[in-house]
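There are two complexes below, and they share chain A, which is joined by chain B in the first and by chain C in the second.
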Partner chain A sequence: MSAAYRKERLDRGIKARSDDIFALASYRELLYLIGPRAALIGGLLIFPLLRDIIGLVWLNVMLTACSIALLALSWDLLASVGLVSLGQAMFFGVGGYIAGYLNDAYRVPPLLTIPIATVLGALVCTAILYPVLRLRGIYFALITLTLPLLFQRLIEATKILGGTEGLSALDPLPETTVVVYIAIAAVLITLFGFRRLINSDYGLVLKGIRDNDRSVIAAGINISWYKAQAVFLAALPGTFAGALLTHQLQFVGILAFTANYSILPLASTMIGGVGTFAGAMLGALTLVPISELFRGFGTWRVVFYSVILVIFIVGLPEGIFHYVQRQYHQFERRAPLAGDK
Partner chain B sequence: MAILIYGLVNSIILILAALGFSLTFGLSKVANFAHGGLYLFAGFAAWLLHKRLDLPYSVAILVSIVLTSLLGALIYRFILQRVRGIELAEVIATFAVGVAIIETFRSLGFVTFEFNLSPFVKGGTRILGVAIDYQRLFIIGVGLLLAILLWVFTHHTKIGLALRGIAQDEHTALTLGIESDWAAMLSVAIGSALTAVAALTILPLGIISIDLGYEVLLIAVAVSVLGGLESTAGLVVGGLILGYSRVIAADVLGTQWQTVVYLVAIVLVLAIRPSGLFGKFKELEERV
Partner chain C sequence: MSAVPILAVDRLHKRFSGIGAVYDVSFELEEGAALGIIGPNGSGKTTLVNLITGFVRPTSGRVFFRGKDITHLMPHERVGLGIARSFQMVRPFYNLPTFKNLIIPLYSPRARRIKGGEYGNRDEVAIHLLEEVGFERDSQVPYKMASNLPHGYLKRLELARCLALEPEVLILDELFSGMSLSEIASLLPLIEKIREQGTTLIMVEHRLRELFRIVKEVIVLNFGEKIAEGAPPEVIGMENVRKAYLGTEVGASA
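Our next item is the complex of A and B:
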């Protein structure tokens, strides 16, 4: 037989060493640890400076990509507690509408509406979801799928908050470059904050709820309270993205609850890899620009996302990030089968 | 009186639209979110076969039902089977397939008024002073017939019982010699065929509009959730409740409230009693 070998996968030496205190021993090992993170942060921070080369259009694409990334990070945190959301648009829409309403009715400046909308919106979302936090799996997914649609129809039917026309002529934000920097900062803070959170003892409880909620209850922990906290934390980036984009576009309408803001973050996380946060963000930062390139194809783009999503779920369920991470930390080699001479 | 009769017609339409979805879930626990896509596929397939290939209407309808059922089986074989058991992946994958089908039709330009199927029987009559056309009466007939046939199929035939066994306890069913992949593929195929039947009886009432694909999925979810995801009686009762409340809401509050009715129903039922009115799943499986 020609295939008289198997593949084995080993940690790189540098990975084994830098897992320990030896990381301090050499620049090479330090670089190995810091390199990928520095490349990401540096890349994101330099991007808006290239405005004259790449043009304003791509700066706006970056802004969209950042808001989708925020929603995807929020999805990933919810998923770490075992809550699968099909309606990230709810966070986006609630944040957007609170900021829009405050600005439209009371002329509160954007500097205040955005923070208020972020926190208040997250509280509102938590309050709305609190009664259904006991639901699991597909039942929770169904309810999150329904809620954004419900808000959309209610606004349409009751004609509150501007009805189908939405709230327009809101106060603008300063220059686009600044806005993009704010969005990038938000993405980075959320990314590293959530990664740290999920690795702490607190995060351990959250992951415990996902893996076996009944044993967490048996340990005497009030899981509803923990889930509510997780929903609040996860809602923050979503409502922030909504509020920021509302002011950037100077408009908020029922499209803020559109399925796009639910499907894109979901697709990004699936493509990037679930559970690492970095995967969710990378997914958003690749998917949104790619979809921008296909703008000319109109609704075929939606078909394209869906097909990509199916291919990834069936073919590479772990996502890109897990794959890349493995290539970085480990190498593969052919090893003879046991018993072979 | 008009409310009574149109409420009934509406309820039967909802039940028909939800039938395929509910049956597939009840028989093999596959939540087929491609439901809306299959519904549109059946309608457009019949239209293409009848108007473009000049097949007789009845043949076009039969072929379209068979094609839809094949499409369902293919979706199961090549996509669902590989992610079976991971509920989230099942939901996302089927939803994505559904969206892909719906948006493909939209991109191909199936959006104008020429896309309509003609009613089987033209004309209408008056019942108790309310004007009603024959197609709507026909829908009532088909709906009742299918509901009864399905109940007989799932409760009194060997295949139906085998399929329900899979839904209740897959491992035990396996030890009794029921092959779960084959059974689940069959259930998706039957569900898709039912969706096609529903599409072809309901669509002649209006034009085939793309957004129906999403609406039908919503209806299916609302009706099934309200009645309990695997119970035939629940499906009927859920359909009746939603159908009447929809007609009453449209009459009292205005037509824009129609969709709100489904959505509120889904949210309330899931929050208060997720098994639905007739569901029999154990409480702990759905919430803690």
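Our next item is the complex of A and C:
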């Protein structure tokens, strides 16, 4: 006699044909859906409370990881419209410098400089990128690669905004724990916000522009305007990260435009998994701590770090998140055989 | 001519890096008319469509919509006015389920203006449109990825994409190419219905028999020039049209 049950995948039955219709039959199914999200939110929220155990250093690592995560989320949104950015540092730098300048020149308190720098910075970045939005692929990528370098050298050459010395003695933010919480909140809001956005009809238009822009034009949609909106939305987390770190360090210099802020978000998204946002964030929360773990190795650090990157990309080309998600969807449960009631 | 023509093309001229693709083509269309554009391969039919819809800028000449010069409008703005086109080479969003392909045109300002209050759920409108162009009711086909659809269905999806925009002028660029005879036969009533509802129709087509069932006037292009226009039977009888399609005898110069 065969067993009186068959194996059934847990996610079958929960998702009814469409992505956004859920037919929940039990609290276990609810748990299955909410579990991963709750684990992520819970984990992130508890982390800063462990300060006494893990030490202040790791709190600062978390802050860096969150900044990179914000830039990576921003990268992923741009990529979903078909814009490949190699210059995420621009968002970071512009946000940082606007906050720094407002605080340095007019003593605007951080409570105001950060939101102003976030929105104004995103507007500035959108305006700068607007003329090149019609470029695609490698051409757009090259322009974005150049822009942060251009800003760096411009500040150096003209000695505006403190020149090579940067703007220092800026107003500090409250306690680090609070700052980390703000950063974590920003990451979570961006993550869930972008995920919701891209699954809406609006997001469908954005993805349509990436896959087939002429069809979107033929559908009567102004793709330049939509791309500009996407750049603005993508710039927001980047400029916010720049502004937040500027006040945390009480300093902003031309290193805000350094290639690190362009490459790390890109690498994070690659190892985390493109197109899901969760992947971008997981990648950043993996890469940055790994980099920190290797700090003791001195020059060898970059070697180990690069090797790990290569291993990830060769071993899991789809990205951590896609892999984990697939495994999770393959969880099975015992289900009654068809016909048995 | 009493009324303002819905679409007027005035001496449209297009050169691609010195080589002429369309030479001084002019025509006018009354509202509700159905025009066929025919001609041998490479005669500039698709370029003419691209010029009318704004995907290609003319070297000279102008396009009027209801008497208004639209030559400098962007393609999406012309769609907003009600000029919709299908692509000869199908251009679906392959990574999306078929019905989701229609969400994008349904999201356009024009579709939202027209259909906005009428329906709450765009997914339902999309499924409905697919049924209209001949996707089987209650089948799984609308939910399949567009990349899994056979070519005939993709052509119908192109048509549905245009219909989602509630066009006033519908330009079909070789809709029938690559479709089987039975598929074409099943679409003909729909296109006739569209015409009867008052939509102005322009069809670029190689399948003359089917085309002539729908349109009552044609223009013939050859090497970018309009060489003939008129009712289908007379045009087909013209000497120069026959020459353009069948070629002239070579050998005199050899």
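In this text, the second predicted complex is superposed on the first by the 286 of 341 C-alpha atoms of A that agree within 3 Å, B and C clash if a C-alpha of one lies under 4 Å from a C-alpha of the other, contacts with A are read in each partner's own complex, and residues count from 1 in each chain.
Just so we're on the same page, a contact is a pair of C-beta atoms (placed from the backbone, for glycine too) under 8 Å apart; a residue touches a chain by one contact, two chains touch by 3 or more.
In this text the structure is predicted, and so the values were computed from the model without any measurement.
In the superposed pair of complexes, A:Gly100 makes contact with neither chain B nor chain C.
Annotation for chain A, partner touching more residues between chain B and chain C: B. Once chain A of one complex is fitted onto chain A of the other, the partner contacts of A:Lys207 are limited to chain C, with no touch recorded for chain B.
Of the two partner chains placed around the shared chain by superposition, chain B is the only one that A:Val310 touches, whereas chain C remains out of contact.
In the superposed model, A:Leu149 lies in contact with chain B only, and not with chain C. Contacts of A:Ile217 after superposition: both chain B and chain C are touched. Overlap of the chain B and chain C contact sets on chain A: residues 214, 217, 223. Of all residues in chain B, only 31, 78-79, 82-83, 87-89, 91-93, 95-97, 99-100, 103-104, 106-107, 218, 221, 225, 253-254, 256-257, 259-260, 263-264, 266-267, 270-271, 274, 284-288 touch chain A in the complex they form. Residue ranges of chain A in contact with chain C, taken from their complex: 17-18, 201-202, 204-205, 207-208, 211-212, 214-223. Contact residues of chain A toward chain B in the complex are 84, 86, 131-132, 134-139, 141-143, 145-147, 149-150, 153-154, 156-157, 213-214, 217, 223, 263, 266, 270, 297-300, 302-303, 305-307, 309-310, 313-314, 317. Interface residues of chain C, counted against chain A in their complex, comprise 53, 55, 74-77, 79-80, 84-85, 87, 91-96, 100, 103-111, 122-123, 143, 161, 164-165.
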